[in-house]
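In what follows, chain A forms one complex with chain B and a second complex with chain C.
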Partner chain A sequence: MLRSLVTTPAEPSEQAADPAATLLSQATALVEDQGLKAVAEWKARHPGGLAIGHMPIYVPRPLIEALGCLPVAIYGGGDQVDIIRGDSYFQSYICHIPRSTIELGLAGSYDILDGMLFPSICDVIRNMSGMWQLLFPDRYAAYVDLPQNFSPEVGGKFYRHELERIASELAKRGALTLDPAALRRSIEAENKRREAIARIDEVRRTEPWRVRASEAYVMVRAGGQLPAAEHTAMLEEFLEKVGERESRPMDNVRVVLVGSFCEQPPIDLIRTLEKAGCDIIDDDFLLGFRFIEGAIPLEEGGDPLEALVRAYLERGVATASRYIGEEEKGAALVEKVRHCSADGVVFAAASFCDPALLDQPMLEAALDKAAIPFTSFKFAENTGQFQVIREQAGAFSDSVKLWGATK
Partner chain B sequence: MSPDQHHLTAGIDPGSSAVKVAIVRSRAGQDPEILATTMQRIRRRYVHKVVEAAFDEACLKAGVKAGDFDYIASTGDGDAVARRTGHFYSMTTHARGSLFLDQEARAVLDIGALHARAIRFDHRGKVLGHRMTSQCASGSGQFLENIARYLGVPLEEVGKLSEEARKPEGVSSICAVLAETDVINMVSRGISTSDILKGIHLSIAGRLVRLLRAIRAEGVVLLSGGLAADTGLLAAIREVLNDDRTKKRFHAKVEIRTDPDSILAGALGAALVAAYRYEQLERMGRLEVVA
Partner chain C sequence: MSVKISNARKVASTAAPKAEKDQSQKRQKRMIAEHFKKLETSKEDGRKVVYTFVPGNLTELIGSLGMLPVLPEINALQSGMRKRSGDYIAEAEKSGHSEDVCTYVKCDIGMLKSGNIGPTGTRLPEPDLLLLSYTGCFTFMKWFELLREEYGCPVVMLHVPYQANGVITREMRSYVVDQLEKEVIPAMEKIAGGKLDMDDLARRMELSAQAEDDLVAVWESAKHRPSPIDGYFGGVYYIGPIFSAFRGTEDAVAYYRELLGEVEARMARGEGPMSPDGPMSEEKYRLVVEGPPNWTSFTDFWRMFSK
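Let's turn to the complex of A and B:
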């Protein structure tokens, strides 16, 4: 059932010389671990602790950690899983991640999980939450209704109620009762993780030759099944190691990648873009870890649950699963391109991803207006042939480098 | 760049079967000067080592040192070129290299060991459109090399033998495996080597002409890549283009040409694009990326 994920291993001599090689190998092992061994190990170390899976994009992980649970990010089967039963649960014209997630669920890969959360991303994931409840009636499954009204009186009250509901439902299943002090500690830990991710992003922006997007991706994604503090330590060590690298600048085109916030592309697709001469200096991969811009603001003596709510309302990124003004998203993308000194944008959305593909024309219009070049393609998490994408990305990269935005 | 200044650039093109290197000196207002070119077959060697060996050989020929370069551009398998400053896609470099080899060319048919592609470009070498053969190797150099080996014909004699054919036999143009089966059948039926090779050339030519039609090529088309020196293939492409059925389908007149340095088009193009890029970075004040 499982196929090999790694198709382009580094040369042994190169790997030995890279100070970050060991960490990258550890992170890759975590990313490829469909059987969630790290979760099993955590449970062995925390008897009685619950492991709660969650789909992309955003779930308030500090809340789950504060309840003594381990939040486990689920990104589907990628290109490692052959879909046999998963297809029978969904129509053909939807994305791939629900099929592979159901496939893995039915195969027992998620038996270690005590529950699953399905945040509001799109109708497909909403339907999947119902399907999960029917398929696994003995396990906790909940739809996390992230409000699309961002006023504190309406969306804020609703969201707070939603978080309290999840906390109380998990407590009934053996989790700890929500304790403000514990929540504060877990938010602080989450903020440290965010800070480490932001530092990696900064290195990518300023010295993209030091940290490739594909490496940052693996390091961040590895934290999906780790507590925040453990992940932060790993990220900080990575930052230290890449600082020791003897790398040099390359004349690549600097691009912002948009559209891969839910279903994740195969890592080889990211590497394909890099090989085609693109430095991906910003992206929306694994958006959950960066869904809140900056730190979750904690006031001295303030209510940490309210801090979590306000961060969602006020600091959420402009992305397809947030219902905000059309022009706002375009303006945010243009601003991001300028902030990063990017040369262009690559739209890489999962096939049939309604939120990404419905937003794309609006974003393209904003880029056109700002004379920012872009290219677009679609992928599925199990895409195995990259020749066409490589051709397209290579042509785009050369065109931007040599001819700029000119026709 | 002031008139007395010059830029030294290199283009390194690791392909599937050979590594090509070109070294170019550019001066403002003057035609670029090719200081050296080299090609080394990979022959089961580690490609990184072949790249280094070919680069060293080119530097020796040009009388320059590795540290003298302003920009080293890779094309093809860029990962094999550790010393690269930047990478350019093979479409870009073959277009630029072809334009350098023939100023009248407005399209190139790049026929490498594993793929063939048609690229249309403008007077600056900017790519306007392209098409590539699909996954099957039946339109590629490796396929022809395999067949030549089965038939016991040295590669350099393939073109001449093909041109001597009297009654070429048709082979599958869809699948290399089927084509190889066709060849085995022909050998057992006593078909002459010349007729077999011409049949293969015509089959490949048919695929290449379809690529040219797809990109709406017109005017001069240069052959590049490993098969550009194959006179039998050149003759077969011309024959297919002159066929009345092709003429009816083709929208414009096309003239196929080749050049003794066609196989180096990618490396030459990379070196020339590198010079252009270096000047551009210099104008933009962004030379830190090539420091």
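Let's turn to the complex of A and C:
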């Protein structure tokens, strides 16, 4: 394989005395904590506080924090959970994340959660909201209907009501009542987190050898069960530590990864792509944290709930679950590739993910038109064999290097 | 769809004669043929064509604005019943669609790429508008994004909120009304080249209500023992007109009146439902079925229950 002509330097975090090593292992522990110990600790520190789980992709976490609750991102069981009961709830031809989520729910892993939110991503997540209500009748479960109409007086009005509804339903369960000042504070905290994530993303774009995608992934995902302020502190420390790293550029291709916005690939799959010579300089993993482009705009004296609504309407990133109306399909991806000076695109969608896989041919057509090379494969969160993907990604990166992107 | 069905094993083992169709079935066939005839000549007749989905369909609105609906889902399931879907799906997969995704979409895309020949054997007109009634099935959204790429025509969306607790709230209603007034109707008027006549729309809604009342009475008949209808396999035909191009038409009213008459007559005679092989004579099991039938082997599947 051509890949063998290129030497892959050691991972930054594998180098001796990596300044970021401790933080990375803390973050990894949080990511692997299927029993949600961090949530239990938060609850111990906040007596009476509710922990509210939410499925991908997007729920407005600042709203939940403003109610004195801890939002907890649920990404299924990854490759750590054996599915025993989860499969019996679903037909064979749907993705994996609902199976492992139900499995963990039935096993009691989410007993610490006082409620679950199911944002509208696809039919699977929507129907899970009903299943959750039936399976756990004593716990709060709600479907969050994110509007697909983005005009403020139509979809905005509806969405605002959805947020108010969730706030009042949670208040009935013991959360604080919605207070604009508290919401403003939690949006400010969220904006700081977003800024820290954006800075990490910037390092990935400019010096991908300094922060690998797999590391950024772990650091961002760890925040799924932390309040924004705590997560931000962690991310800022990480940024500081990686600045101290003595890493050097690698001879890799720069790729944008698309399609993993809901079910997450195993981290080893991300590492496999890196080992195959791909610097993933942008991706849609953990899209919820990046779903709004830039900061949530808070005006002096303005209504923070309206700010949350407008951010969703006006600043949502292009993704398969967001209707794009008259805009050109794939234009946002082409623009992203250009903005990041990427060499190509890797499509990595969960098997049976209708939104991602139905989107893909349109995105591929746009890339073809723009002469941007791409490759694609499918995965399941519990995929354990990476050899084929490694060879495919290696061949892709070699071919891009040899023949270049024809942009 | 969750409907009651009543099935019986046939007692007599004699080979079934070819079943005589009910008058209502013949009427429905005529209605469909006429509709496709209109579609065939729509361009010459200057009639605009709107592609849309069954759930959340706005057929009365389309009709009021003088336009003709095409329902790609129905075309896909009919392709399945006519054993064409295998080739169509293969065609779509050849052009880059994943083997993992909804075959309704691929069947429609494959049909389009194979000349867009509809169920009556004639070429379907291209859409002037894609009316995306999005009722929560995400695939619908992707489907019309894909068709928009193929046809390059405008799309207008109606997002119908999900009634998670089975309740239609004031906010849900106002979201739908806002979309209709501010976006959907103006977009449709632009394509149709005329203003919506509210009186005409009201008249069509009234016709829909009449047809639906009769259809509900047909469903209710399944409570009778033996049930005079098969609410699943037969039900597929019963819902045809109201789910497709005929909401708000005199034709639909006439069809459901006739159907109800036939069902009531069967009930009065103590007869079971019609099967592919004629009337069933004995009701043994009463089942509730969830989900669509196997379209590609529809009749065989039906016989598994009716014979």
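The rule is short, and it goes like this: the second predicted complex is superposed on the first by the 383 of 407 C-alpha atoms of A that agree within 3 Å, B and C clash if a C-alpha of one lies under 4 Å from a C-alpha of the other, contacts with A are read in each partner's own complex, and residues count from 1 in each chain.
Convention: contacts are C-beta pairs under 8 Å (C-beta built on N, C-alpha and C of every residue); 3 or more make two chains touch, one makes a residue touch a chain.
Predicted model, so just to flag it, every value in this text is computed and none were measured.
With the C-alpha superposition on chain A as described, chain C and chain B fit side by side in the combined arrangement. Once the two complexes are overlaid on the shared chain, A:W403 sits against chain B while remaining clear of chain C. Of the two partner chains placed by superposition, only chain B is touched by A:A395; chain C is not. Residue by residue along chain A, chain B and chain C are tallied for touches, and C comes out ahead. Legend: residue contacts after superposition of the two complexes on their common chain; A:G277 is shown touching chain B, with no touch to chain C. By the touch criterion defined above, A:D251 reaches chain B but does not reach chain C. Rounded to the nearest 10, the angle at the Cα centre of chain A between chain B and chain C in the chain-A superposition is 100°. Once you line the two complexes up on chain A, you'll see the smallest CA to CA distance from chain B to chain C is 20 Å.
Within chain A, not a single residue is touched by chain B in the first complex and by chain C in the second. Those residues of chain C lying in contact with chain A across their complex are 95-98, 100-102, 105, 134, 136-139, 141-143, 145-146, 148-149, 154-155, 157, 159, 161-162, 164, 171-172, 174-175, 178-179, 182-183. Within the complex, the chain A residues that touch chain C are 93, 120-123, 126, 129-130, 142-143, 145, 147-149, 151, 153-155, 157-158, 161, 165, 320-321, 323-326, 329, 349, 351-355, 357-362, 364-365, 378. Across the interface of their complex, chain B is touched by residues 11, 249-252, 275-277, 387, 391, 394-395, 397-399, 401-403 of chain A.
Put simply, chain B touches chain A in their complex at residues 48, 71, 78-79, 84-92, 126-127, 130, 132, 135, 273, 276-277, 280-281, 288-291.
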